[in-house]
Amino acid sequence: QDTVTLQLKWVTQAQFAGYYVAQAKGFYEEEGLTVEIKPGGPDIAPEQVIAGGGADVITTWMAAGLAARERGVPLVNIAQPFKNSGLLLTCLKEAGVETTADFPGKTLGVWFFGNEYPFYAWMAKLGYSTEGGADGVEVLKQAFNVDPLIQKQAACISTMTYNEYGQVLKAGITPEELTVFNYRDEGVGMLEDGLYVLEENLADPAFVEKMTKFVRASMKGWEYARANAEEAAQIVLDNDSTGAMTLEDQLYQMTEVNKLTEGSTGALDEADYQQTVDTLLSAVSPDNPAITKAPEGAFTHAVTDGL
Amino acid sequence: MTTSSPTSADRTEAVVSATDLGLTFKTNDGDVVALSNVNLTINKGEFVSFIGPSGCGKTTFLRTIADLEQPTSGTLTINGQTPENARKDRSYGYVFQAPALYPWRTIEKNIALPLEIMGYGASQQAERIKRTMDLVNLSGFEKKYPWQLSGGMQQRASIARALAFDADLLLMDEPFGALDEIVRDHLNSELLKLWDRTQKTICFVTHSIPEAVYLSTKIVVMSPRPGRVTDVIESNLPRERPLDIRETPEFLAIAARVRDGLRAGHSYEETV
Amino acid sequence: MTTSSPTSADRTEAVVSATDLGLTFKTNDGDVVALSNVNLTINKGEFVSFIGPSGCGKTTFLRTIADLEQPTSGTLTINGQTPENARKDRSYGYVFQAPALYPWRTIEKNIALPLEIMGYGASQQAERIKRTMDLVNLSGFEKKYPWQLSGGMQQRASIARALAFDADLLLMDEPFGALDEIVRDHLNSELLKLWDRTQKTICFVTHSIPEAVYLSTKIVVMSPRPGRVTDVIESNLPRERPLDIRETPEFLAIAARVRDGLRAGHSYEETV
Amino acid sequence: MALIAAWLFAWLFVERLSKTLAPGLGDNAGLGLLIPIAFGVTILVVWEVVTRAGNVPQVILPPPSMIWARITASVPTLLADFQQTFLKAVLIGYALGCGLGFVVAILIDRSPFLKSGLLPLGNFVSALPIVGVAPIMVMWFGFDWPSKAAVVVIMTFFPMLVNTVAGLNASSAIERDLMRTYAAGYWQTLMKLRLPAAGPFIFNALKINSTLALIGAIVAEFFGTPIVGMGFRISTEVGRMNVDMVWAEIAVAAVAGSVFYGVIVLIERGVTFWHPSVRGA
Amino acid sequence: MTRAGPIIVVLLAIVAIWYAAAIGLNAPWQNDVYRRGDMVDVPFTQFVQDTWNQEKPVLPTAHQVFGELWNSTALVAPNKPRSLIFHAWVTFSATALGFVMGSLLGVGLAVLIVHNEAMNRSLMPWIVASQTIPILALAPLIVVIGFNIFTGTMGIPTDPARLMSKAIISAYLSFFPVAVGMVKGLRSPEAIQLDLMHTYNASPSQTFWKLRWPAAMPFLFASLKVGVAASLVGAIVGELPTGAVAGLGARLLAGSYYSQTVQIWAALFAASILAALLVIAVGVVERLVNRSMGARPA
């Protein structure tokens, strides 16, 4: 039996439901695979894990994947289960943010650790300095929760449609009190969760074959999750050994994630790829050097072609 | 109980008064009776020597006077007060059997310690440090640290420390044990002069019979297991004592009595 | 340099031989010359006492023999070897001026310490502990910790520790300083017996002139600032010494010579 | 394996060096520095060789030469980060945390009531997990350095408390008796006997805390911070796969921490000169 | 009872301050809630009650925290992920293993440093430097490389391997206080005590066991208390990069991602209770050792 180790970018949550469902429902087994799913955390860089031989395949955002590629970890996108992006910038109207023109002088919460590229691309597009001051914006490295907004330490914070945004609402702040910017709508959307492997492995047809099985089973998992959101949320919950999450949170997340995976066959849409690369290249600066030149061979259809 | 008719003090005023005093230490392997049934009165201006075999309770008795040990039976008053109040009045100066100098202080700073605590001014401190260091012949070693001194020098520093401030009662536990005969003679006569001049009351532990006889108005002989007072010898030697008084028959008679008392307290007279 | 004709050793065999020995301590406020130009030979089987004013370098000299201090000039050999090699041969037992007992060991365990280190078997240890504790009259205190003992008892424990193993050379720094006359007499004669029986060589620091004369075949008188040997007195007293030898004219003559030497080393003879 | 071999090699080298040089030079301060430097250089050379020869991916462990290049290229950034993390959060938090631990230890010592009431609670904060505390501090004290300093306070408090309490009991019975004979007050005994005797223990805590403070401040920056600071840079650049920058920050942290520690050791030498551990060395 | 009295008084004082602070810190949010709900003139008692019972308070109150502690210990089977006992156990095992490794390493290094001048000069600066390296930066390295070595080359199953990775981080944090304290402690014997050993020509190991080691005891225990606390911090920190699987650290972190304030505080308290128990355990051993060494009662 073939074994596959998958390193996730983040802790066990419905964001990764497809993989957990595929495992729980025996889809991997049907393909003859034994899959180990390694949850991530705030200081796990999946790119580093795969470079160190700790995983066969990882999930990461495309911007981070391309950045790693330029820095000597030859990652290749083999599949893109997330068709749409879910990254938002969520602001309090009370803090005086209604449009992008209100940003200067405000404090904005941003996730770093490889999640900051869309933000910098956007600010570059808007022409705002990120160094603070009257015409710039004050950037906060935001922890991975919504506290800064609730505590009013920032005017805007990063949220995902499927997670933090829900938490903001759940805390009792109504959508009317919020201004929400969707990165996709601002023209700086980038591809989110994709599956990446090391380029050298793709030379081996057996590996490609194995990945094809893996992606096929995973996509089946995603499909199942869309059809059975409640059961999928429960499966995710069962896989969380921290016991910190609630079914309610995961069900919300499942529903929202399903909107993002909707329409993906698993194969990467080259137009989406090109849009991500273009956006990144539009914002090259010493502060934010995601990539400096268009990447070559950063994706392959070899795996998804076999689906 | 021994009530002494003071030979030299002006008034009969009890400085130390012990009645049926007892002290038992509890240890991991049974009790040690360090003092039992001690009855003793020491009047103002007396010079009392304690002599007795090793482990008979001399140090313990001094420590009890100093309120460093608590009696387990009987009563003890110092200047008519409890030992604790007497201690809080700073009624005594104590020279321990070991030097107990603080290693982070130079010799002069060690001597300054009680002066600082008792609030003496800087110039007074300097003057007293100089005077007592001269007295014990340590001049020139002011800036040395304790570990840079020989054993006898450390002992002298601790004597200087106790003499630097003016306590009416001096408790001295074998202060001259580590000193040679010449220095010892010198310090003996200095101590006598000081005593004569200041009318202090002095409790003095020694192992030297001649020293005890030479210095004291009263000699307390103790014996061990359990620690008790076996003899209290009043000395009728004159208050003025040249060193050669030690050859006189009166002196030798007293010394012989002390020696007998001491020997009686020992368990192995036969082997000697 | 003094070459002595041995009074009691069978052969003339130098155990300690110092030539132009000097030792200077560097301190924060200048150098202290603890030993200067010391020339001395101690032959096998001799009993040598060191006497001298406080701070004259007696302890330093013993420590140099024991390889605990390094001479800054001159040469010193022990049994014809360097002090270091002699120490490594475990040629000597040392009684320090302070008891230096380990507070976490009971008295018997303190005495067992050198025996453990030198690899004695359990039964031998027990036997030696018992014997030496009897010798210093500490039986019954085996299980006590050092702080539960009186000053004199601690000193005796440290003597027992040094006698527990068989070193040919004994270095004793004021071993009997904290003991009363009776115990001291007792231990003096026990020490003489031991010396006589085992032909040990003994270096003995004391402040008591009678003790020095009573015990020694040779008395080294030292004087301070800088520490040096001012007189070496050979004693012609017989090897067999009853306690009352101390009343004989020969004894008193030697004692007088020692006293003169001692006094000469002092700076304040006039005040005495 | 390679690391152990490297270390052994370096050690042997230093051993030889100190054996041959030490007697001649004695207490020479230059030599004291030379040996650890020689050791460090050996390590660096081995590191360089292993990473280059072994083709270790640079996102896992970059060679020292690359780290050095990064350091020289990023001086302003490193400086700003150093100022934010070390000069503000670490130093202030360290002073407050050590001060607080010390004061509480004295309070505890002063009153048996507090001793039985506060000491168990002191144990309680001993290991307040930094990961749990850091977000709370951000909540209470905001994003900037004060919340980091607060984390440092919490981290450094306990070592100081424990060591000071142990140190205050370090004076010997006879030394305390002496003070009793003078009827010295509590404060006099404290100032003239117990604190000096506690010195070695207190410096222990100061030394341990000097490194703990740095760790604390850096880790605390993982949980929300303005976009400057050593911890911020480390976590961000790991995410960006700029591992050379991560090591550049680590190098700065190591140098700053070592200097900090070294300064405390120097002060310790001066203050507790009398302690056998200093006197003997 | 006499010992419990002061603790209770201090505890009461702390709880009083706690509840007072909760009002202040939770008030802004409560006011926002009232504003959104168009509630005016809320009686003060109602306001206080509300601030003490928010779902995601800035500062949760004692009854909330202990309620959560109770719910997640007594009311859940101890082998379930919802149980704090389960997480505490996971953390404790890594802490214990790390503490043992760290203490041994710390003592071992101290022994080398005290006995060998080259070690002292070459090792000490690097030990210090090692501690200034932020573990969270190194942890992924340890996880990526270490975990792979454990599971791959050494063939250790994942669970023990994960435990080892955490224990290594825990040991990394705890060895330092132990090493520093023991270097001091092993050098603390008085010169004359060392001289005595010298006169017996005692071997270094004899001097060590019969003198340096017993003399270092006060330093050892002060260090061990700090060390065990540091071990726990290390284990918790180590739980983050090992994939946040289980343990108090994982629980804390996961709690923070969903702003489960009460849950975070409960986990924090669990960690603190664990720390206190560990420190007290070291204290008990200290007392036993002191007694067996004939320490003089203070």
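Here are a few things to note about the model shown:
Letters A, B, C, D and E name the chains as they come in the text, with residue numbers starting at 1 for each one.
In the analysis below, a residue touches a chain if its C-beta (ideal position, glycine included) is under 8 Å from a C-beta of that chain, and two chains touch if they have at least 3 such contacts.
Quantities reported herein were computed from a predicted structural model and do not represent experimental measurements.
Listing every chain that touches chain B and chain D alike gives an empty result. Note on connectivity: the fewest chain-to-chain touch steps from chain A to chain C number 2. Nearest to the common centre of all protein CA atoms is the CA centroid of chain D. Summed over C-beta pairs in contact, the chain pair with the top total is D-E. With centres defined as mean CA coordinates, chain D is found 49 Å away from chain C. Between chain B and chain E the centroid-to-centroid distance comes to 53 Å (mean Cα coordinates, whole Å). Remark: chain D and chain E have CA centroids separated by 17 Å (rounded to whole angstrom).
Chain A and chain E have Cα centroids lying 34 Å from one another.
Among the residues of chain B, those touching two or more other chains are numbered 28, 98, 145, 147. Multi-chain contact residues of chain A (touching two or more other chains): 42-43, 45, 48, 52, 143, 145, 147, 151.
Annotation for chain D: residues 60, 135, 139, 173, 222, 235, 238, 275, 279 touch two or more other chains.
By the document's touch criterion, interfaces exist between A-D, A-E, B-C, B-D, C-E, D-E.
On the chain C side of its complex with chain B, the touching residues are 25, 27-29, 32, 51-55, 58-60, 97-98, 137, 143-145, 148-153, 155-156, 173-174, 177-186, 189, 207-209, 243, 259, 262-263, 266-269, 271-272.
If you check the complex, the residues on chain D that touch chain E are 10-11, 14-15, 17-19, 22, 32, 35-36, 38-40, 43, 60-61, 113-118, 120-121, 123-133, 135-136, 139-140, 155, 158-159, 162-163, 166, 169-170, 173, 200-201, 204-205, 207-208, 211-212, 214-215, 218-219, 222, 230-231, 234-235, 238, 246, 249-250, 253-258, 261-262, 275-277, 279-281.
Across the interface of their complex, chain E is touched by residues 11, 38-45, 48-49, 52-54, 143-147, 150-152, 163, 167, 171-172, 174, 177, 240-246, 249 of chain A. On the side of chain B, the complex with chain D involves touching residues 63, 66-68, 87-90, 92-94, 96, 98, 100, 102-104, 113-114, 116-118, 145, 147. Listed in rising order, the residues of chain D touching chain A in the complex are 57-60, 135, 138-139, 142-143, 221-227, 232, 235-236, 238-243.
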